[in-house]
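Some structures to go through are shown next.
Look for chain A in each of the two complexes below; its partner is chain B in the first and chain C in the second.
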Partner chain A sequence: MAVSVDEAVSTGPGRDHTPPARRSGGRGRSVLEVALLAVLAVVMLFPALWMIETSIKENRDVYAIPAKFFDFTVTLEHFKDVFVASGGRSALSVSFLNSVVVAGVSTALATVLGVPAAWAYSRFSVKAKKDQLFFILSTRFMPPVVVVIPIFLMYRQVGLIDSKLGLILIYAAFNVPFTIWMMKGFVDEVPAEYEDAAMLDGYTRLQAFWRYTLPLLLPGIAATAVFALIFSWNEFVFAIFLTSSDTVRTAPPAIAGLIGGTTVDWGLVAAASVVFALPVLVFAYLVRKHLVAGVTLGAVRR
Partner chain B sequence: MSDPVPLTTDHPGQVASATPPAPGRSRRLSDRTLAVAFISPALLLLLAMSVFPLLWALYLSFTDYSATRGGPAHFVWFENYTAILASAQVHLRALTTLIYVVGAVVLQTVLGFAIAYLISRRTRGRGVLTTLFLVPMMLSPVVVGLFWRFMLDAQFGVINSMLGSLGLGQVEWLTRQRTALISLIVVDTWQWTPFIMLIALAGLTAVPKYLYEAASIDRASEWFKFRTITLPLVWPLLLIAVLFRAIEAFRLFDLVYILTNGGPGVSTETLSFHVYKVGFLGFNTGTASAYGILMVLVVIVLTQLYLRYLNKLKED
Partner chain C sequence: MGTVAVQGLRKSFGKVQALDGVTLDVPDGSFFVVLGPSGAGKTTTLRAIAGLEKLDAGSVHLDGRDATGDAPAERDLAMVFQSYALYPRLTAYENIASPLRARRCSSSEIAAAVERMSSLLHIERLLQRRPAQMSGGEMQRVALARALVRRPRAFLMDEPLTNLDLKLRVEMRTELTRIHRSLGATFIYVTNDQVEALSMADRVAVLKDGKVQQVGTPAEVYERPANQWVAGFVGSPQISLLPCHAEGDRLVGAEGWTLPRPRWSTAEDGRPLVLGLRAEDLSVEQRGDASLPGELYGLEPLGDRTVVDVQVGTEILKVKARPTFTGTPGERLHVTVDLDRAHLFDAGTGLALSEAGR
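And now, the complex of A and B:
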């Protein structure tokens, strides 16, 4: 409870009687609060800044002791290494492409399956609706390490091991619960009366959904899809256990693979991490209005 | 799968112009059919990819099956379960997991709430501040783990370098038993404090201003306001965030895998990491499945708790 301590200290002296003293006390506290926030912000952001800095440092500066904060030589070598290897594309760049395909297709699949289901859950009285919805959400909470064991055996049987399709299916299955919960909130916000009105005009329920509700849901669908995209893009556990070859592997295991050897090229790791994280940050910024709902898997809405 | 339908029935007027329900009933899909048609594909995918694997794991947990040895699986009934529950190794992992989950979640909650509280008291720059604080949360655990591993490196890590210039001694963060677990907690805290902050901020901004104004008129102290207005109103939402984080921390695997790989020794082996070792390095698929099922039970209990509070929050 850092807050309360800090408050008690700063309000103590100037709080009592005269308004001017009280105001200056308030200002003093305000300055203290700003300072505290600034310190916390620096601490929180430092690792990210250090990563960016490392990615543009020359190798000897990366390993400099003591660490160099400002006076280092800037180079873009590491970023070049991420994309180009001797004689063609690097394994990393291939893995980035794989990530784009896997995340993109699995998100599309989750959206196509999840949005209609969310609409149906929102509009119709389904038997044991609450239980169904809770069951759906709880599948999302299963520990990936546990799920991956039977999935591994299952995929081995049907030949989906080390294939993009396998990853796409499991990512879609992990994103469907999220999509349903998130989208149900958005559908709830669209009045059902629109559909009723359309049906009075002679449209079927399906047409009413397609022509009137769906267009209104598009911003919500976009936000939901962006979150699903981020989850699939960042996913690591399934990726590392279910894929092995360079042509299939997605970026997270590929980047993790960079530290396998005896010497680690931290400049390259940093550059690859920056390239990997940048799209996520951009996407997250785009959906910042829905972050609370997004990170709680659509459970908490504001 | 649903899109061809509205494209083909392009004569809606004739169906229902005069008396909507009676003639249309046979031709249009009933609401019930529609609900089933829209929900079942999603549920089927979940059944195939989440429920079926778990049932298979449940079956395997009663056998001595090994994925590499192959051959038929023999039923051993509850042998796997009793072996796990009696194993001192597992008890140690459970303790490690408990320390890690409690340590990380408590730190995150305190810090995250503190930051949210400080931000909520600012009138300007809130958006920018929030956005900046949220960066760690959006990063992949792989990136976070790798990067902290570099920063905590005993030789050329920036943390030790800073400690050095402050005149403090070097710490072997990831290679000493005790500091390794602390490092794990610190890194997880760094990544997920923004999560608590985000939820707490949502709660704090929803507290009606007039409550504070009324309290000010009564000359209530800041501490009193905090204790009697802020905390009780934000607590239900905060509890959701805390439980959510506890579940996530309990099933965490990737950060351990990248940051410490369970070491040194077994000091940072959490339960999920141990399952991986038993299943994928020890090839005891049956035992690992039983282990996994036990973990799933814990998760189910936690999830039930989480959903119950969520329900309560929604009803208010």
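And now, the complex of A and C:
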């Protein structure tokens, strides 16, 4: 049942790419285009490059004025500090572990709930289906910062404040609508007749789904889960409002917490940020075609 | 046992009334063909019998027992889908084996059954291929094999031969009739091809716009079409239809021609009628007392016969002639009519006039 990511990515909505139209200049890109793109790339990438540089500089080079771009001493001390502290594991490493648990479990939860729901919405005639789907989507319209206070109050009542379970639930709640919407598109692409045929073969509807539809959905599930994972991994607002102790906190508030004391250890901040960004980069690379498809879908299709 | 009886099936998709009170009685062991043009509701009828479609009204009885609410798996039917619906990730072998696996047959039983089916349908060399690696006709045969591999109460087949080339289709027709006879099982077979219906069926139900137009043996449907539409849909070349009315003992055409009125026809004088004449009941070669004057419009040589198009007034009659028949367009000729075999329909309702006196 192993799914290669390329396979995962190629069955999505953005499948039938037409090659980009030939540019008016004829052969390749013009000099102006290259220059503009280069400037843009430098501007966009500079903060990331600076972060990576800072993470491998010695402290005196970090604070050196004028800033050193090339001739600094390379060190991996900061990365060591991210993971180990004098007593053993560092608080940061605990928060990374929390992030892994929270993002992983909430994504699994959203997938387990969202995929069958998407299947049901795709296969069955439901009363006011469009309204229901719109309602599901509308739960995503609200920016987290708008709902975080009421949720904070509710969580305090039920004892979910400052717990990983609380974060897992809220992230899953945000990811379920997304999973339903994205997966419904994938389910729609799988002909319902495979299930019909399986039912005539003698399977129940659920067996038919499990045996014949689900395997065809795996690439879509992988892509959807990656998006949910990235959301949960990056989430900051809920994390900072709903958790406070070092043992519960996820990485985003923990890294933010490094800034703001009397002195800021920028090397550590940069190294922690690099470690934090790495999984997102890897995952974003895996679903890059879907990211582009999401942006251009409206433009390409009708 | 394998009787299927559906009663008053109704099903609409939004504004489209796909089934509008379909009632069918399929006797045990019969080869029952549902014939109709595209969009008539044939697939929807089969899906309703299989339990795949939620009905607005009506009931499905299998072997006399009400099965209207039963799940498809409980109905013990096998179906060949119009789109094949072969499982894309499985090989042909696994596709054919699927109904047996669902019933937990042993793998030696499965191997034997798949082998039997593959030699019957000549698909031995396809067994290790996936659907994507097969042609449409090959997939269709695998789909047939998947249905035939077990002994269900009845087989439902949705246009199983449409994608085969002509030669293979004719072969498979004979083959399917043979399989049907050797199994003695009930077949409900959907097609839009009237030749297939007439050549294979024990009984034919003609369906149009979700309504059953006529049920009968192929001969009945061909010889005694219940209405003008059935007469036009069944038979090739198409039946010729001429507007007319009765006047005393004569039929008078809209174009002024007259024919002796068939003895059995009971319509009162002046009522608008349509006279239906099949190509084989017309002749341009021999003269009789009942004939229509016209001129030669065109010739379609078909090898074993020639279809002569004759213009009578504004209508074109299709007349069957010997393959050696020749003529030049514009040439005047007489079409002799075998009035004993003619059909009369009410022009308003399209229904056939009572042929009780025939």
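Note that the second predicted complex is superposed on the first by the 262 of 302 C-alpha atoms of A that agree within 3 Å, B and C clash if a C-alpha of one lies under 4 Å from a C-alpha of the other, contacts with A are read in each partner's own complex, and residues count from 1 in each chain.
In this section, contacts are C-beta pairs under 8 Å (C-beta built on N, C-alpha and C of every residue); 3 or more make two chains touch, one makes a residue touch a chain.
Computed from a predicted structure; not experimentally measured.
Novice: Examine A:Arg288 and indicate which partner it touches, taking first as chain B and second as chain C; both and neither are also allowed.
Specialist: In the superposition, A:Arg288 touches chain B alone.
Novice: Which chain, chain B or chain C, is in touch with more residues of chain A?
Specialist: Here the partner covering more residues of chain A is B.
Novice: After lining up the shared chain so the two structures overlap, which partner does A:Arg205 touch, if you call chain B first and chain C second: first, second, both or neither?
Specialist: So A:Arg205 meets both chain B and chain C here.
Novice: Quick check for you: in the superposed arrangement, does A:Leu216 touch first (chain B), second (chain C), both or neither?
Specialist: second
Novice: Which chain A residues contact chain B in one complex and chain C in the other?
Specialist: Residues 199-205, 207 of chain A touch both chain B and chain C.
Novice: Residues of chain C touching chain A in their complex?
Specialist: Residues 47, 50-52, 54, 71-73, 77-79, 81, 83, 85-89, 98-99, 101-103, 146.
Novice: Which chain B residues qualify as touching chain A in the complex?
Specialist: Listed in rising order, the residues are 1-3, 5-6, 9, 12-13, 15-17, 20, 24, 28-29, 31-32, 34-35, 38-39, 41-43, 45-46, 48-54, 56-57, 60, 67, 110-111, 113-115, 117-119, 121-122, 129, 131-151, 155-156, 158, 161-162, 164-165, 190, 193-195, 198-199, 202, 206, 221-223, 226, 237, 240-241, 244, 247, 250-251, 253-254, 257-258, 272-273, 275-276, 279-280, 285, 288-289, 291-293, 295-296, 299-300, 302-303, 307, 310, 313.
Novice: Which stretch or stretches of chain A touch chain C in the complex?
Specialist: 125, 191, 193-194, 196-205, 207, 212, 215-216
Novice: Note which residues of chain A are touching chain B in the complex, please.
Specialist: Residues of chain A touching chain B: 1-4, 7-8, 11, 15, 33-34, 36-37, 40-41, 44-45, 47-48, 50-51, 54, 62-67, 112-114, 116-117, 119-121, 123-124, 126, 132, 134, 136-139, 141-147, 149-154, 156, 169-170, 172-173, 176-177, 180, 199-207, 210-211, 230, 233-234, 236-237, 240-241, 252-253, 255-256, 258-259, 264, 266, 269-270, 273, 276-277, 280-281, 284-285, 288, 291-292, 295-296, 299-300, 302.
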